[in-house]
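Read through the structure below, which is laid out as structure tokens, and then see the notes.
By letter and in written order, the chains are A, B, C and D; residue numbering begins at 1 in each of them.
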Amino acid sequence: MILPPIPTPFDRQGRLDTAAFRELAEALEPLVDGLLIYGSNGEGVHLTPEERARGLRALSPRKPFLVGLMEESLPQAERALQEAKEAGALAVLATPPRYYHGSLGEGLLAYYRALAEKIPLFLYHVPQNTKVDLPLAAVEALAQHPQVLGIKDSGGDMARLAFYQAHLRDFRVYTGHAPTFLAALALGAEGGILAAANLAPRAYRALLEAFRAGRLEEAQALQKRLFPLGDLLARGGVPLLKQALRHLGLPAGYPRPPYPGESPLWREFLPVLENLRELGGTP
Amino acid sequence: MILPPIPTPFDRQGRLDTAAFRELAEALEPLVDGLLIYGSNGEGVHLTPEERARGLRALSPRKPFLVGLMEESLPQAERALQEAKEAGALAVLATPPRYYHGSLGEGLLAYYRALAEKIPLFLYHVPQNTKVDLPLAAVEALAQHPQVLGIKDSGGDMARLAFYQAHLRDFRVYTGHAPTFLAALALGAEGGILAAANLAPRAYRALLEAFRAGRLEEAQALQKRLFPLGDLLARGGVPLLKQALRHLGLPAGYPRPPYPGESPLWREFLPVLENLRELGGTP
Amino acid sequence: MILPPIPTPFDRQGRLDTAAFRELAEALEPLVDGLLIYGSNGEGVHLTPEERARGLRALSPRKPFLVGLMEESLPQAERALQEAKEAGALAVLATPPRYYHGSLGEGLLAYYRALAEKIPLFLYHVPQNTKVDLPLAAVEALAQHPQVLGIKDSGGDMARLAFYQAHLRDFRVYTGHAPTFLAALALGAEGGILAAANLAPRAYRALLEAFRAGRLEEAQALQKRLFPLGDLLARGGVPLLKQALRHLGLPAGYPRPPYPGESPLWREFLPVLENLRELGGTP
Amino acid sequence: MILPPIPTPFDRQGRLDTAAFRELAEALEPLVDGLLIYGSNGEGVHLTPEERARGLRALSPRKPFLVGLMEESLPQAERALQEAKEAGALAVLATPPRYYHGSLGEGLLAYYRALAEKIPLFLYHVPQNTKVDLPLAAVEALAQHPQVLGIKDSGGDMARLAFYQAHLRDFRVYTGHAPTFLAALALGAEGGILAAANLAPRAYRALLEAFRAGRLEEAQALQKRLFPLGDLLARGGVPLLKQALRHLGLPAGYPRPPYPGESPLWREFLPVLENLRELGGTP
């Protein structure tokens, strides 16, 4: 399964644009296996709770979708969880509380267990954003819970994926790290939730398909070709992703201020994007 | 000047307790030079915007007070800033946006400048919580702005304080790192905004006073005596601070779930606290 | 190709035991495609130049072998390089100078180029030991040199391997990170130089073979089974490797003091090793 | 006490120049309280054991001197220690073994204790070079040994110095971090072993003197004035230090290849150095 973490459109003044949000989701959904809303590239943390609920109500995906949940405490999380439930999410994708992470202790497990009582969930390990670790021992403990379905691991540390492959059962692993996508598949990931899949949905599905069918050389060729896209996007983040989508004519809008509307990596990225477009890979 | 970052009380169920908040602020205010509300130890990030405003309205400090502002985007920050202004804050104390910090770029300066157009502010460098850096070059650039009054630097990296001392003028530096308090004073800090000052307000004022008066041996003796308090509190964070205040009979309440009500460092901390109490140092 | 970095035996008093060294090399050589001497697990940095030369002279491998070169300056490296050349090494495997790495600058490229004038070489990226980075831009620049044959990358960062795969040609990549071995192969590594291959030479060759032949499920099954071995050994290092070899009756000796003769991970490791032995995997 | 870690001169071709070494030591010795040979800036790790012994024999300091010992194993260290003893060193200054630090475990304490049986020693914490930590618990344990005289702590982490001040007795602390020199004194350091003291020996002694005499404003003024020198030198390392000494006409020679003869920070450093020279501060 390939899911894009779709961006949340803001206008130049930083106002949430729900019409654009709906339009963007409808453009991407047919090309992929589902959506991640308010995920790593969805700027969920840039929304007030009211805006977040309003954005969700504007969408009506037909394919399965996940909703990101990046809250700092349980009462905040329960509110976000309720919104996701009402919107019909398959599951939430939840980062650990982070601001006081050093004194969280056993609260880490308590947090996830409290959420899992109320909704199916995927753990979300994305240390480049959260700057906190989700220890393997905690993942192993939480994987026992029937409502903890799996993990999205975006850190790019393949030793973690090798651990999941070797030690956990009935635990679904998605990588969020496009530059190492094929490696993640080799280590048992069942798919990717990749910012780059907003731009090259068909190509990532083709890579996954080639791998599943045992056509390893084809998979390696796609991995090589897609590497620059995934690598630059991992470095450029939301500003680069939105700029690229706008360039392709999609209503992705702008990052919320003070994040820049244009990425310093754009010049390096443009030929990569154009090359992809010529091959018919873009949405 | 010694300011405590006062904790925000929640009850066992995680509900904001505004009556306790007011009572706690009133108990501490007479012993110090002012207050920091929603700062490093104030769990501002654990509140919804409504709760945050409600908490502020419950207080009515007579001494100058700062309000912490730890938002992720400018629209969110402008709302928080407005609340602080209405409450009569001397200034806000603002961390950098952090979740997408890697792609913030020039947005860092833009963020602080946009805030400083609307309210006096202190920069807030607290990497143990935000996990992001506030580069010295950015501090130097922002120090030029007339409404950027100074910085609270809680990282404990004295090379930064030495830099401020050598390179910046009319820039007020407060340390937030109790274990190195005397070092910060030697390097030009004008005071401390210290979690430990919730527990030992008089002793930190005495240390500051001794230093100002040139009684270095006395200052060093206080530094030595206070080190274990500041050191343990820096490691134990909000759960330990609230537990200590409760132990002293102050209505600090509990950390918001899933943060633990009791600290694993309590056993080590208790004799330090009792020793301080015997000397008449606690509030 | 699977190469073990063979350990250098010392007796209990820390004296180099050249007879054991020769015996150990002769026991392992038939099971693998070649040897790495004085590599990550060879304690080359624990030898004086005289001892290092004496050790080399005691060996006479028939298969191709590499010699590790972990020196701090060019004059020291040239001496080590000369020894390797005289011993008949295929190439040296050279870490960057590390103690003053922060002020090395262009010296990094100069270092490798000076060595490559005199002997074929592999770059050696092993940040867990050297604690310094070999930047991708430097690897890319050095890959142009005809005598720079490739790299041994032990860091386990698969994004680096994906970079080599996508950007470099005629550049041979060996992984030194056993826990992610299959991922490295998927990303184009041609083999492994693995401490774990001292203990399970046949199994790593079988994994490589299965992958090359397109038997991906078999490769994944071996990856899963070998993960605990590679993972524990990566954490336990030389003391654990030598203890395991001694347990198997091989004359690996002891780490040089003050390194401990027994590993704190032994208890966890023993059942993994015994399981491997029962399957006939050990040398 | 102010001690400079004197550089070890090499000629342009990287050959040890013992005559220059002697001349340099004799030029600096009268201006300071003693010398550190083969310390953080002495490139001890760039010498073969023979060169190291030859260098030592070329010197004959009259003031007390320390000898740096940065070995990887005990047999290597015992040889270096013997040389230092024969040369008449007051003590050795010893870093922890570093290449296999992750599996050192109890070997850390064993290492220092074995050395301390044979010669008085100072612990040497210089993580910017060694990239390993010397845990506070280990320092505390070793401080009990009668031949462990104290520590040179170059990391610049003042919380460590605050710990020594609060918890250790009869333990001599020297800072090796010039940018925070006054802070270290406030936290109980008895002096500095500072690269910058090669260039400004009198000024650092004046700062120390002012502090000891309770003339805090004067000490702060010197701290401010010296900050750029110490800060740049901490970043530029050996290449910058040697270039500065050569500029002043002292026979410091060049760093050993592949380290660059000229520092990229030279342009920024030159006005700082010239300013110091005009004030009569240079040797």
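Keep in mind that, in the parts below, contacts are C-beta pairs under 8 Å (C-beta built on N, C-alpha and C of every residue); 3 or more make two chains touch, one makes a residue touch a chain.
In UniProt terms the chains read A, B, C, D = Dihydrodipicolinate synthase family protein.
Note that the structure is predicted; figures quoted are calculated from it, not measured.
**Q** Set subunit B aside and report the joined-up groups of chains, separated by bars, or one piece if nothing splits.
**A** one piece
**Q** For the homomeric pair subunit A and subunit B, should the interface be classed as same or different, according to whether the shared residue numbers exceed half of all numbers used?
**A** Subunit A and subunit B contact each other through largely matching residue numbers.
**Q** By CA centroid distance, what chain is farthest from subunit D?
**A** Relative to subunit D, the chain whose C-alpha centre sits farthest away is A.
**Q** Could you work out how far the Cα centre of subunit A sits from that of subunit C, in whole Å?
**A** So the centre of subunit A lies 36 Å away from the centre of subunit C.
**Q** Once you find the CA centre of subunit B and the CA centre of subunit C, what distance in Å lies between them?
**A** About 49 Å, centre to centre.
**Q** At least two other chains touched by the same residue of subunit D: list those residues.
**A** Where subunit D is concerned, no single residue meets two or more other chains.
**Q** Quick check of your reading of the touch definition: is the inter-chain graph here a line, ring, star, complete or other?
**A** Topology of touching chains reads as a ring, each chain with two neighbours.
**Q** Kindly provide every pair of chains that touch.
**A** A-B, A-C, B-D, C-D
**Q** Applying the document's contact rule, which stretches of subunit C touch subunit D when the two form their complex?
**A** On the subunit C side, the touching residues are 14-15, 43, 45-46, 48-49, 70, 72-76, 79, 97-100, 102-108, 110-111, 114, 128-132, 235-240, 255-260, 263-264.
**Q** Hey, which residues of subunit D end up touching subunit B in the complex?
**A** Touch list, subunit D to subunit B: 156-159, 161-163, 165-167, 177, 179-180, 182-188, 214, 216, 219-220, 223-225, 227-228, 231.
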